[in-house]
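A short worksheet on the structure shown next.
So that you can tell them apart, the chains are marked A, B and C in the order they are listed, and the count of residues begins at 1 in each.
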Amino acid sequence: MSFVRNAWYLAAWSEELPSEGWLTRRLLDRPWLLLRREDGSAAMLADRCPHRFVPLSKGRREGDRLFCGYHGLGFDMSGTCVHNPFGEPPEGARLAAPPVAERHGGLWFWAGDADKADPALIPNFAFIDQGGPIERAVYTMAVNYELIADNLLDLSHAEFLHVESFGTNGSLFSHGKQTVETDDSGSIWNKWDMTGAPPPIWAMPMLNEGDRVDQELHIRWNAPANLALFIRMAKTGAAEPMVPPMANPHILTPETETSTHYFFTHAPGEQEAAQARRVFLEEDEPMVAAQAEALAGEDFWDARPVILPSDRAAILARRRLMQMRKAEAAT
Amino acid sequence: MSFVRNAWYLAAWSEELPSEGWLTRRLLDRPWLLLRREDGSAAMLADRCPHRFVPLSKGRREGDRLFCGYHGLGFDMSGTCVHNPFGEPPEGARLAAPPVAERHGGLWFWAGDADKADPALIPNFAFIDQGGPIERAVYTMAVNYELIADNLLDLSHAEFLHVESFGTNGSLFSHGKQTVETDDSGSIWNKWDMTGAPPPIWAMPMLNEGDRVDQELHIRWNAPANLALFIRMAKTGAAEPMVPPMANPHILTPETETSTHYFFTHAPGEQEAAQARRVFLEEDEPMVAAQAEALAGEDFWDARPVILPSDRAAILARRRLMQMRKAEAAT
Amino acid sequence: MSFVRNAWYLAAWSEELPSEGWLTRRLLDRPWLLLRREDGSAAMLADRCPHRFVPLSKGRREGDRLFCGYHGLGFDMSGTCVHNPFGEPPEGARLAAPPVAERHGGLWFWAGDADKADPALIPNFAFIDQGGPIERAVYTMAVNYELIADNLLDLSHAEFLHVESFGTNGSLFSHGKQTVETDDSGSIWNKWDMTGAPPPIWAMPMLNEGDRVDQELHIRWNAPANLALFIRMAKTGAAEPMVPPMANPHILTPETETSTHYFFTHAPGEQEAAQARRVFLEEDEPMVAAQAEALAGEDFWDARPVILPSDRAAILARRRLMQMRKAEAAT
């Protein structure tokens, strides 16, 4: 198994990058420095000196230069070695520096061939900063990113795993219609639509006895694992939604083959943060971690999973990644 | 290395199976649920949903049905999927369910081809419930089961490792005669007989100065690693034994390649339990664990052990397992 | 990767060997017993019984005999099995016993063909016991020995990593001249000479304002990783050194592929021991450990390091070891 290379990955939320120093983060199983130049622009450099491979983060930064703490080599923000205390900077000595773009509240990097890095290919997460106030957050889960994407692409699990948080009281079974779509942007959609369904518990105080609701639970995937969840609920027959429609990023960037940085947002406030932690860390993570443990490194397909109709979007996404890997391996 | 498949293994003592819910146990490196149907009969089912591989034990039981906690599939006690909340139960979706038989105070399972599972092949441990009151117990040792069987099949180690517990004060060397036998049931026997030997310390209060004793230390092995120890001691020349003859099961079921469930019995009482723990956990286990550590995953034969005459039974048992593995690999 | 076999390694400082019992130590990824015979001579025996592979160190010693704690086999100090409680000692049963020589305050062993073990090939560390009083010490670092040798063979790192302990205030850059030499004894030398340089801080109280100094920082390597550091400082123009020249062993013996016994000396006293610990454990080890972690098992050359002129001696040493390994693999 290898990571898809020619794709945009989210490295960090913008506010995670300090104005001085750096943020260190493992991404696609390599160590990186995420930092802001003195002019405020973002940079991403390998946290690994090309001389003796020690982390630059064990050295120091002076303005827009980084100095290795072992033998003193100095690098500029393009990754070029520009200083050798014992003579000329060695030719060809550089820190890897992938193309980056700051967009939708975060720093994205392109992990493959630099000449293919078109920022127009960054999936559309414009909604992140277009709604009301939110908090951006990131967790690191000890699970492979494809297993987490599977989880998100089949939201029917909410009826079992999230009964008390955002389960729909069974209306997914009784009133749900599932539609899987793909579009030209490379997105894969899994849409659950519930029409004339009994309301979830949290909505009851806003409704009269016997009122029914129409709900949308739509999730969008873009390779490698950049997902967005769209939720809408209206009183059946009403044109306007009962509460403002919600759009949430669920952006997964592999830390390693077996761990994932999970970028998401939640409404501001400690209670909302705690609710998000509960859903992700106490409901989802133990289950997908148990799945990873059960597979114990075996390939998902080799384990011969039973496929349900509700898996269709997840299967499409897995196939898309396999095609991308195959194409990259062939070049 | 692989586990022998066409053989009966002990999964649990009968009293370990709860009347509601289940016992989870790793056996032959797979996760299992051990449970009783509502009619009291025992069942053994894979603790792994065939859909997304998560443990069923993270779900719930309703009567004789198990429901997965991730996407709600339901299974009956034969392992067949009988419920899908989103439509028809998927064809071919089942939990592995090996043949089981409850016998000699425990639940046995057949790990190979179901059509070969003949309960008559379960080794004879009828003595477990035919003697006086006993307690049945199980430890899990972090050692491969064949190394533990080696230990039991060469009881001469008692003179060194169990000097203070059931060592025989050297009479194994001075008066011992070793006989190795095989029989039609597939058993391998290693019999130490000591005739006219000085008594062990614990027996002295029952004897007169100068009395001699005849002791039998017989151990029986049946594949894969189901052992029974028979001890008898009589005053030399006397027809009747001094104390009731003892028969003890030492039944080893692999948890993984490198750990083993060790089923045994001891006389009732906290002191007797503590004595058993001392012998197994403080005397035997550190030694066989040191052996496993020294081998560090190297195959036993590749390490080219020096063979002593006292190893004969252990070598026969190892060869028998190799033949069984070879035969199973060929089919 | 494999260890060089036909070479002398330091197993222990002489005073580490107890007069009774033994010292256990893992060397070249095997367990050993280091002990003194009753006549005071040193012996080295495999800590692994050839019968069932358990450590002899779980048994007992009687005079010049070792008895296994599992089944009682006894061995003499040549490693020959001389006792079997159940009969004749088995033929060919022996503990590995490499050639050893006690020299320069320590016990050296030859890891390869015994007939090539010429004590004249032990590198010259006569200085260890010819200077003033010292304390001999050993640390175990969780790093491959070649990475530690690299560190020592390129002392330019002192200007960055040891700024506060024995850095030379930049005079290595400004006044340093590097010479790499090899000689007939198999040594590789990396010599830094600083002429007319400003003095290091610790030397200032001994000098007048404006005085300059000549410093030598010479390190000598002998395969596999037996290093010696020689330091000399004189007032520029003076014939005699300001302080007695220092010579220090830095002798590296692999514990495993990823850990190393680091033998060194320091001036007597708790403060001096603490200073050595600080330099080795707080300055050097975290950096070389970070290097090992960055390589994550990848071969040093496969990682394609940028080579600086200051690496020349380290590269020569690495090449010498590769040649030795290749020659040993060919025989």
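We adopt the following convention: a contact is a pair of C-beta atoms (placed from the backbone, for glycine too) under 8 Å apart; a residue touches a chain by one contact, two chains touch by 3 or more.
Because the structure is predicted, anything quoted here is derived from the model rather than measured.
The rotation that brings the Cα trace of subunit A onto that of subunit C spans 120°, given to the nearest 5.
Because subunit A and subunit B share one sequence, their contact can be compared position by position; here under half of the interface residue numbers appear on both sides. Inter-chain spacing, taken between the CA centroids of subunit A and subunit B, is 48 Å. Those residues of subunit B in touch with two or more other chains do not exist in this structure. Those residues of subunit C that touch subunit A in the complex are listed here as 150, 154, 156-157, 159-161, 173, 286-287, 290-291, 294-295, 303, 305-310. Those residues of subunit C lying in contact with subunit B across their complex are 31, 48, 50-55, 58, 68-72, 81, 84-87, 90, 92-93.
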